[in-house]
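Next come the structures, one after another.
Same chain, two partners: chain A is paired with chain B first, then with chain C.
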Partner chain A sequence: MSTVLDTSTAEVVEDKIGESMWSKAAYKFRRDRAGMIGLSVVAFYMLVALGVGVGLWGTEWSDNNGQKWEGVSSQYWFGTNILGQDIFERAIFSTKTAFEVGLVVAVISTLIGAFLGALSGFFSNTWIDEIILWLMGVLDSIPFYLFVAAIAFALSGFAYSMHVAMIATFWTTTSRLVRGEVIKLKNFEFVEAARAVGVPQHIIIVRHILPNTFHILLVQSTIVFVGAIKSEVILSFLGLGVKNGVSWGLMIAESTLEVQAGEFSNFYAASVLLFILVMAFNMFSDALQDALDPKKVST
Partner chain B sequence: MRKILTGIPLILGVTLISFVLMVHFGPDKTYDLLGKNPTQEQITEVRHQLGYDQSFVVRYTKYLKELATMDFGYSDSSGEKVSSILVRTIPVSLALILPGFVLGNLLGVILALIAAYHRGHWIDKIIMGVSVMGMSVSFLIVIIAFQIIFSSSKGLDLFPVRGWDVYSFTDYIRYVTVPTLASIFVSLGYNTRFYRAVIVEEMGRDHVRTAKAFGAHPIELLFKSVLKNSMIPIITRIMFSIPLVVISGSLLLESYFGIPGVGKVTYDAIISGDQPILKAVIGLTAIMFVFTLIINDILYKVVDPRISLK
Partner chain C sequence: MLQNSKWLNGLLQLIVVMSLAGCNAAIDIDKALEGYLKGPAKIYRHSLGGAPSSLDPLNSATLYANYIVINIYDTLFRYKYLARPYEIVPNLAVAMPEVSEDGLTYIIKIKKGVFYADSPAFPNGIGREVIAEDLIYSIKRHFDVVNRSQGSWLWDGKIVGLNEWKEAGSNYSDVIAGLKTLDSHTIKITLIAPYPQLIHTFAQGFSAFVPHEAVKHYGRELSVHPVGSGPFKMLRYESSNYALMIRNIKYREEPIDLEFEGYDPILHKKYGIDKIAGKSPPLVDALKIDFIKESASKWASFNKGNEINFTGVPVEQVEKILSQKQPKPILTPEMAEKYHMFNTTETGFVHTDFNMRDPLIGYNDDPVRDKRNKLLRCAIRSAFDWKERNDVFYSGIAVTFPGIIPPVVPEYDPELSNSSTLRNLDEAKRLMLEGGWTTDNVPSLVYGGVASVATRQMYEQFRGWMKDIGYPEEKVIFDSYASFGDFNKAVKQAKIMIFGMGWGLDYPDAQNTLQLFYGPFGAPGSNSSNYNNPEYNRLYEQTSTMQPSTERTQLYREMNNMVIDDCVTISGLSRENIFLWHKNVVSFTDAQIVGGFHLKFVDMLDEETK
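Let's look at the complex of A and B:
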């Protein structure tokens, strides 16, 4: 009985400290064990990626120091690949590639999705809305891999054609969600009040409406991040992905030859690292969703 | 009928964007078709044959005309008629994808029902946990792993590694099993999670509670009160994945298992710039999408008579 009382008072105190949606969400998120594990794993990967970015480790990813298919040793932690390259170094370097792809695609596609979604929601049932909806419908009906291949060719030689293609297709989901939320928001009193005071439309959208869609953008950008990392692997395998550097997708593509010869270390290294990151990100994203959206059905 | 009209801007948009990307900026085939040291006349002649010398608008309207008559001419690469290529490859893709698609969705619904019924219980937690794990594995990794496990001499060695020599039903089973297992494995996590969210929402409704209070049998409750009422999001999800599945097939499965389906053909066409094939596939995808939208609305009406088609 006393324990029950204790927890309830503890919750009351928490409620008093922070009453905004964000502090409540942060409180809820901190109590979500899976979400916290996910977040720490993602943070660790990010640290590794940053280290590669500033040149602390992973610098020898393209050197052919060893022999072909050396086993696991203190020098080569995961062995070497068909060219005698250190698989551990390559796997570490790929972390940076994955974060680069994920961040670029997630940030830009979320920005585009937020902007166009807010526009079409705010001006719903006008020609602006019609055009944006049409554009989303069109982009959604082009098969993804073919679209990427086409963009890769249209921008031939451009190292970021994969990023462009992913951004072009991934923003539509975000945009649809934002549009729905904005249609709901624009009838609220605070928007009406702003309009009554004579605030110009673009300032209403940027100041009053977009900040209120931020929770959607946050969750959606984590989902896009995961989607981008997973697509990168498949695109790199098809030869449409990363052009300079190495990625888990390229490592898996290499490993398809090695696997036939019974050498699995390249395959294991890339796929296990990829799996852990995506899994952690999914857990993080789920917990974020639970914390930010009280209506969402879960557990 | 009105739906078909509203579908026209969509078809125009898809064809226009893909046309600009794949045909206008696509690879130039002129020199592939010429011999060594071509003369200027030969070059202009080939360019004329391929239609490169016409303006963008002319080429695009010509394409729309081809789309309307469904006559796309002959492939630039093999000289085979485009329609016969499609007739040969689409059934292969369908046969490859369909079992995995159907089973993946069916199992997804069943698992979702079980999970939703035991919501919060350990059964639910296990199903959802495994779903998240399934979602986190890359399709590519699943394909490679399954191929090692089922088809290689290091694993069970039960099925052929790659290829598609299908002449009888047993051949079909032999070649389709591993790709099917891989695609079920990959789609199951997503499907289960999606369907569970839909079903859980439906289970919280008043009529379900009433039925429960009246002591309805769990199976009857799930199928009659819950599943029937959550059909609309389920149908939407299934229908909208159909056009992509049918036309682009599974490029990854086809290229990894060396299966001559339409996804592989299209991919090769993009790489080599085989425009007639590209035009046909893009156009058909767009048309399929519009038809899906229409059938989707009709199905809504069938499932829920309150929805009017207008």
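Let's look at the complex of A and C:
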């Protein structure tokens, strides 16, 4: 049986020789239909979240104006919950909660992961590397949800305990990936050249090495972003999540008793919105990973 | 029925225990038991919403533990099976106590010829006779310095010499002046001050007769190897799953006198109660109590067939199973075809308290602010919507009442105005205005509770009501606690500003709820609101030594009015419990005061006699 090689992408990329890795990646990403759909959906959700943030919509999420378990109507698009609250308003407001958690966790854990990973990689096989590896090993050896729950318990009362818990666990993967990349990069000629002309080590790390790990950080931050959203839902379901406000996790937790009483609106609203966002983020993340993969980009 | 033969029973127990010991978890224990209890063996399968933490009477503090303890052990008194209002009657006691005129001395005779169930704890494994000294020993255990009793509060500072005995090092051979035996079957108790509720304390699991041999034999393991003279004997106990008990064949013969128990044909005949007249409890060969916390699982198990015979109805199922909720719950025809139903108001209530030690909402050194705080509390109470809370969380069938004396106790005042339980937004806004409270200057309200869905929803509902009187959303804050233990600890440390509480009566006397607002019982005591009104405290102390009387009832009601007038708590609501059981079960259940005492009266009908 013969194999037919699809060379169309390779040909197009070949035509772009001379352009930067980023422009090649952007070009490739734009040609990925699934990735573009994912990005569009994520962008739409982000717009919704921004609208909630600036008070354009989702402002009545806490009002108890309706009757218990009202059906779908022009007033209440998704019906009402047991307290007579508008499920649509709550679902929309939860988008902001999801993005807030995702963004905070993704940014901070990526920064920590990048910094410690770069340190670890640059000083590999030294005591700095040993300590960071030990720390990552310890954190990774604790079952994730047990660890997150423990931190959330320990910091109960602190509004951002869930964020802290997730950041404390999510940075390690990023750090490992960056470490590996830095170990590779530090032996490249441009780094050796910088060393030869006497550039201080911290400048080498910050100016010369870290920028070359951005493709990893970008992909990893999208993965952390969606991971944080999913974890928030689970933690909120367990009562360890969002303190003030509402989230899809809280809505699903609320729906556990409602479902037994034959009321599904809360469950459907939160689950479907969560599913679409997570799916879109995964598609976006996969496409980004493909686009930024140095092997594929340089093909 | 099984033969009343010690030999046969012993053999059967051995066979069952051996077979069960050999079984793995996958084997259906019920079937194994049925297989070995040959003949028309009767097995009643009850269910409880939680598991006991200990079966040692020392720690039978939960409803679940008490349910089992009073079926394994004996108590001096119990409550009549069917009579309502509740009536306390002798159980192991021969008669009600002889009380001296000054109310300080109680003489109680116990029945002769009552034996403990056979156990390896006794010489040759044969249970000995129950004697008066056993009660004294059992009460001493609560005050033993090495024990951490959860029931010692019942007699703390009440019996002459008991506290001193503890302080002197709890030497069991030392005699306590207020706890003596006059002969092997007569107990004399001398009190420091009159304590009218004393007899009720002897109807609780805490006061169960414990043989010292069992304590010596099992030590701390007594919490899972109970040995008593009650109607049932523990066969197998899995602390988080179930308790399997068999009939104690040594239990005394006492034919049921239905008239004495409070039988009313109009109320009880439909449950087949007339069929147990003249029989001697316990009426079933085996009693299995499953501990099923998850209401959906319990409901499924009940509907599955014969997996469990009894269940409380989860709130989320109430709408489905009832064809009518008010004025009286009625089952749908298809449910009525399959099950018996009984609904009863809980012997307790739920309320939302203000922490009076918090200067932002409670007592304040500044008299002006103190007055404004009271107006704020009253405004919040006026905005509270009990009707909506009832509809949303209690299926609209619970009973609301003003103050802290619930309808279930005889001191309840049906004529008392219910205005404190009615939502009145205009009045709430007027009070806010009078207190000079505005959106800008109102203090943040911190509503504490366990991090559960229900508590959070109650908070959200509360926040909605507060918004209706102009409270900014961001000023009504939820303070969540990971577990009930954490929450309770914070309440006991007076750290929470506003919190929902529930209370189940230990005995049917309003004193049991009035003590919740007695100043000296403030945190870490039972007075969670930390209310401290000198006049209220004086009346509480005055009534605490009074026997039930019209005068005492009047004083109770005065105290109730003080709590209402001072807006210390938003109260109250007594939940309506709905119980279902299969048609082949003869029972009249009661969850709290009679509680587990009803289980020895439960019978199972054969198919033909159903």
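What we mean here is this: the second predicted complex is superposed on the first by the 275 of 299 C-alpha atoms of A that agree within 3 Å, B and C clash if a C-alpha of one lies under 4 Å from a C-alpha of the other, contacts with A are read in each partner's own complex, and residues count from 1 in each chain.
The working rule: a contact is a pair of C-beta atoms (placed from the backbone, for glycine too) under 8 Å apart; a residue touches a chain by one contact, two chains touch by 3 or more.
For clarity, every value in this text was computed on a predicted model and none was experimentally measured.
With both complexes placed on chain A, chain A has more residues touched by B than by the other of chain B and chain C.
Contact with chain B, but none with chain C, is seen for A:F267 once the two complexes are overlaid on the shared chain. In the superposition on chain A, A:F153 makes contact with both chain B and chain C. In the superposed pair of complexes, A:K243 makes contact with chain C only, with no contact to chain B.
Applying the stated contact rule after C-alpha superposition, one finds that A:V107 touches neither chain B nor chain C.
Within the superposed three-chain model, A:E254 lies in touch with chain C and out of touch with chain B [touch as defined at top]. With both structures placed on the common chain, the touch criterion links A:V199 to neither chain B nor chain C. In the superposition on chain A, A:L135 contacts chain B only, with no contact to chain C.
Look at A:M46: by the touch rule set out above, it reaches neither chain B nor chain C.
Looking at the shared chain after the overlay, A:M279 reaches chain B, while chain C stays out of its contact range. Under the contact criterion defined above, the residues of chain A that touch both chain B in one complex and chain C in the other are 153, 256, 260, 262.
Interface residues of chain A, counted against chain C in their complex, comprise 62-64, 68, 82-83, 85, 152-153, 156-157, 239-240, 243-244, 250, 253-254, 256-258, 260-262.
The residues of chain C lying in touch with chain A in their complex are 295-296, 299, 314-317, 319-320, 391-392, 450-453, 456-457, 460-461, 463-465, 467, 473, 477-482, 486. Taken in their complex, chain A has these residues touching chain B: 134-135, 137-139, 141-147, 149-151, 153-155, 230, 233-234, 237-238, 249, 252, 255-256, 259-260, 262, 267, 271, 274-275, 278-279, 282-283, 286, 296-299. The touching residues of chain B, when paired with chain A in their complex, are 9-10, 13-14, 17-18, 20-22, 25-27, 119-120, 124-125, 128, 132-133, 135-141, 144-145, 148, 152, 154, 197, 200-201, 204, 243-244, 247-248, 251-252, 255, 263, 266-267, 270-271, 273, 281-282, 285-286, 289.
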